[in-house]
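The next part holds the structures, each set out as structure tokens.
Okay, so subunit A shows up in both of these, paired with subunit B first and subunit C after.
After this line comes the complex of A and B, so read on.
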């Protein structure tokens, strides 16, 4: 019996680590068989471009979740970035983007200060900005959708380098960067330690508050960048709808990717795979004219399964 | 009611625990423990941390189900499905942390779950308020029954909890450290209530580490150690020193365990202390605690559970904020209330709660060892793999840490090896002072000896070491001097020549006044 339990534990561990890869692979194989033109260059590019903003937001979310937190305000940070962007395009795309991303950093700093200094639970601290941030974005934009005509900015959403859309290149580079951050830097190690055992980290002299605050800043920056890129792709600044409910997709990607909500472990590539899995699922259903409601229910099942697996591992 | 009294006469216990056992993964929390609670007795339950007191209480109050043995209540074998069932049967508990509803009024709390009803089945508010006022008055508690519970002080809340338990027509009342947050006047009220309960034929289980209180109000005592019953009998027949010896598992003997004499005499007479802590004070926890640790020495910190041992170590390490006092390392003042400042000054704390405060379970052995030294091992925020690996390998070898690889997760290691990983975490910082809180708790015998030897070796290399242990043998064998704490004060300093079991036991058993007399 003990042996059986060991086998079960090992199987769950394996599924938690590699389940998302298997699922993505399985979906690809199924589509190769049943969906015509699925592996056309155009379709692959479309799928990748659609998932890229979610991946970027989810990378920041993974860092936050690694500290046993959560950032609900990412969608509003995207909206804020989108709203600010057209105001400064007169100074050039570079300046406008920098300011937009800086706004995301400020939003993250507010979250981080509430969590790390005031000690408010992350879900509440970031809820405030989820609600207020989009409101502020609409005030800034005067409730208007604004067309973007700056060619440099538009090229980010439309062009590609050697067949890789720029949007996707951003996501790839950031994935690599976050993976290195987690694996190789003191900051990455500190944030995982803080997420795993905060008291021990404090006693080991780690700058717990600074780590917590910075993690939300990063999440805000990533979200703002996603907001800029989404705006470029839309060719319009639309603060009322950009990034709507993206916090849920991001959390789903992180959890399905095998990062436990209890912190102390961050799976960067797993997070990307989680986002990809959800994207492929939706695409498969759409291509076969199945209703979106079916997709939502399958997504729900996958989330429950992922949470169950991470819980079993912890127990 | 009258039949109830017949069933549990003077000749039959209210509660009869027969060889009750409870096991948790890796721990035998209770091992065939038999205890009887008689009507009208105040029964002291004593033991150090991990002795099994809490488990016993939880079995009694229905929170745990025993794996073996039997729980007889009023003559019949029973199984309580949950704490509510035990309460309904007449077993009330007052926990250390008051478990009442903070946002409800005093009166509502008193009658929670058993409110008197009107004819229409609604709560009879008038009666609730009237009876609540009567009950509080009867116990000499002056509190407005309409005030919200959390507007009262912790002591007053404790008294409300007490009134609630006592009024529930309980046959057994369990009190877990009831005086820990009470003022002296309230303690007197508590003792009056206990006397009243006793007169009514209720059995009171009284858990406390305050010897004075035990001897004042308890009739019988049960001593637990490592999950086993080591003694049960009349308290008056047991003197204090003997009781402490039973709790700590040591027989009285005069022999000295260790040849400290040589180490002591070889030390220079007047050196700057490696660490000096003066007047550490934290309200209700520490009062004017001063400890001096010379370099190259192991100084013991003794005391019973709740005496402030761990708190002293934490205060020195900056992890427990202090209201007054100061810390000096090698003569230089250290900013207090900051773990980072204490670490920079070279003070390292090995915490008592290894799992909760020490290891980072999901990180690897390598990552755990370099956790505190990380910033010193990196350049521009990037960790240098080669320097890190060199340190990790050195310490794995030097401390003989048994791991399959440095990449193994720390949670998979045995307790002894986890402790060595934590020691390595501090040693790679080149500390000046090590504060070791129960360094050998929960690790097996072989590893224990190894860790003890390691501590001696570290002291000989010039570190100042503060050793906290509830095992007398370890404390005496390991320390050249011992400071004895009681209720947050240093009550005795055993100088190098005085470190014997007899002296330590006497100091632990002494009333605070006696101890202070010796000290001052």
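After this line comes the complex of A and C, so read on.
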């Protein structure tokens, strides 16, 4: 009896650690067999470009969830960045991008201040910006879609370096950066500690408030960057639709990747795999003419399964 | 704390006071605001989110959250419009049946497997939208309510010049107030929100109560969707996106704490009306872009929650 339970616990632990990799691998194998031209360079590039903004947003979200928080406002931060971008393109793409990302940082700082200083629950603090942020973005853009004609900015969305689209390169570099941040830096350790046990961290003298505030700033910056890149790829600034509901995709990626919602543990590569899994699933369904509706229901089932597995560890 | 006996009152009835202030100021500022017709419009437009927010009040008092209400609202509307060809009973029955199913799934997953409500209802939000797409040919088909159907009367009819949905909302809030404060179910809801472990140790029916809470939330969302479909004479698939956020905002503005264990339905009603009045005022001003509504709603939410949190901290100190 005891042995059986051990086996079950071991199996669940294994699934938590490697389940998402196995699922991605299985989908790749299935597609290699049943989907023609799946492994063409063009298709791989398309899939990677499509998933890149979600990956970038999900990386920030993973940090937030690691502190036992959540950031619902990421889609609105993307919209704000997209709305601000065309206003400053006259000064050059670099300046406009910096300002757009800066707006994301300010949005994140507001979230961070509400969570860390006022002590409002993350869901509520970021809900306010989710509601208000997109409205503000639409006010800034006057509800208009604006074509982007700046060649430097457009090249970010269209060109590639040695076969790797620039968008994907951004996602890869940020993944590496976040992985190092979590594993190798003091800030990363403090972040995980705060998520694991906030009171103990406080008692141990960690700068809990600063860590919390910074995490939301990072999430805002990542989201704004994703907004800039998505705008470059769309070749238009569209604050009414860019990043709509991306908070759900990002949270899904993080959770499916094995990061528990209860904080204290961040799985960076798992998060990327989670985003990839959802993207591959959608692509598989589309390529076989299965409707989007089926995809959403399967996605729902995967979320519940993933959380069920992470819960077992906590129990 | 002893020299500030008004603090808990402000926290509890702050939204009612703010609502009254906004209405008074608006009445003096805009000549077109304070009229029977305009109030009637606000009432009918607020009645649908109010019914959804009522269910959310129970959920949040119990320390949970229900993100799936927007999807269930839309589903309720579409299946009610679909079912109305067989009569009013079928329309309501289908809407309540499907939404009840979603509520049961939410409740059982949350209560039995003890998964986080946030994530379970996020999954049912997606599943609900998926189901919605699959029964409407990927959102391209809108079911219409037959022109002569009695079902439309439920959404469009009125008594004493005030629409049915408004009356129903009033009745539902009265019933909910009694259930919340005068029944075992209501007391268990508060107890679970205060401390689920303690509620369990006291021998309260935690599992049953939680299933009941999520079931009522989904049923109310489905009912609201069905009424809305009756009012519009069609099941519009794109409605209800983001409704969960409006409902949560209204509940929280109404003084129900997201941490659970405390709250009331009156505040929720004031919260919903506050959002409705803001929207109405922005329409009155006319020159303002409708996007301002979201900005102002977001600002209100921040201010209200900040004030509540700051006052709450003082009280516990």
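The rule is short, and it goes like this: the second predicted complex is superposed on the first by the 315 of 315 C-alpha atoms of A that agree within 3 Å, B and C clash if a C-alpha of one lies under 4 Å from a C-alpha of the other, contacts with A are read in each partner's own complex, and residues count from 1 in each chain.
Following the convention adopted for this analysis, a residue touches a chain if its C-beta (ideal position, glycine included) is under 8 Å from a C-beta of that chain, and two chains touch if they have at least 3 such contacts.
As the structure is a computational prediction, the values presented were derived from the model and not from experiment.
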Taking the superposition on A as described, I'd like to know which of subunit B and subunit C A:186 touches: first, second, both or neither. first
By the touch definition at the top of the document, which applies to A:124: first (subunit B), second (subunit C), both, or neither? second
So, A:29: does it touch subunit B (first), subunit C (second), both, or neither? neither
Which one hits more subunit A residues, subunit B or subunit C? C
Partner chain in contact with A:204 - subunit B first, subunit C second, else both or neither: first
Have a look at where A:138 lands relative to subunit B and subunit C in the superposition and call it first, second, both or neither. second
Which of the residues in subunit C end up touching subunit A in this complex? 65, 109, 113-116, 118-120, 122-127, 129-134, 138, 245, 248-249, 252, 258-259, 289, 291-299, 301-302, 305-306, 309-310, 313
Taking the touch rule as given, give the residues of subunit A at its contact with subunit B in the complex, in rising order. 184-187, 189-190, 192-193, 196-197, 199-207, 264-265
For the complex, give me every residue of subunit B touching subunit A. 317, 319, 339-340, 343-344, 349, 351, 356-363, 367, 371-372, 374-375, 378, 381-383, 425
Report the residues of subunit A in contact with subunit C in the complex, numbered from low to high. 70, 114, 118-121, 123-125, 127-136, 138-139, 142-143, 248, 251-252, 255, 261, 291-297, 299-301, 303-304, 307-308, 311
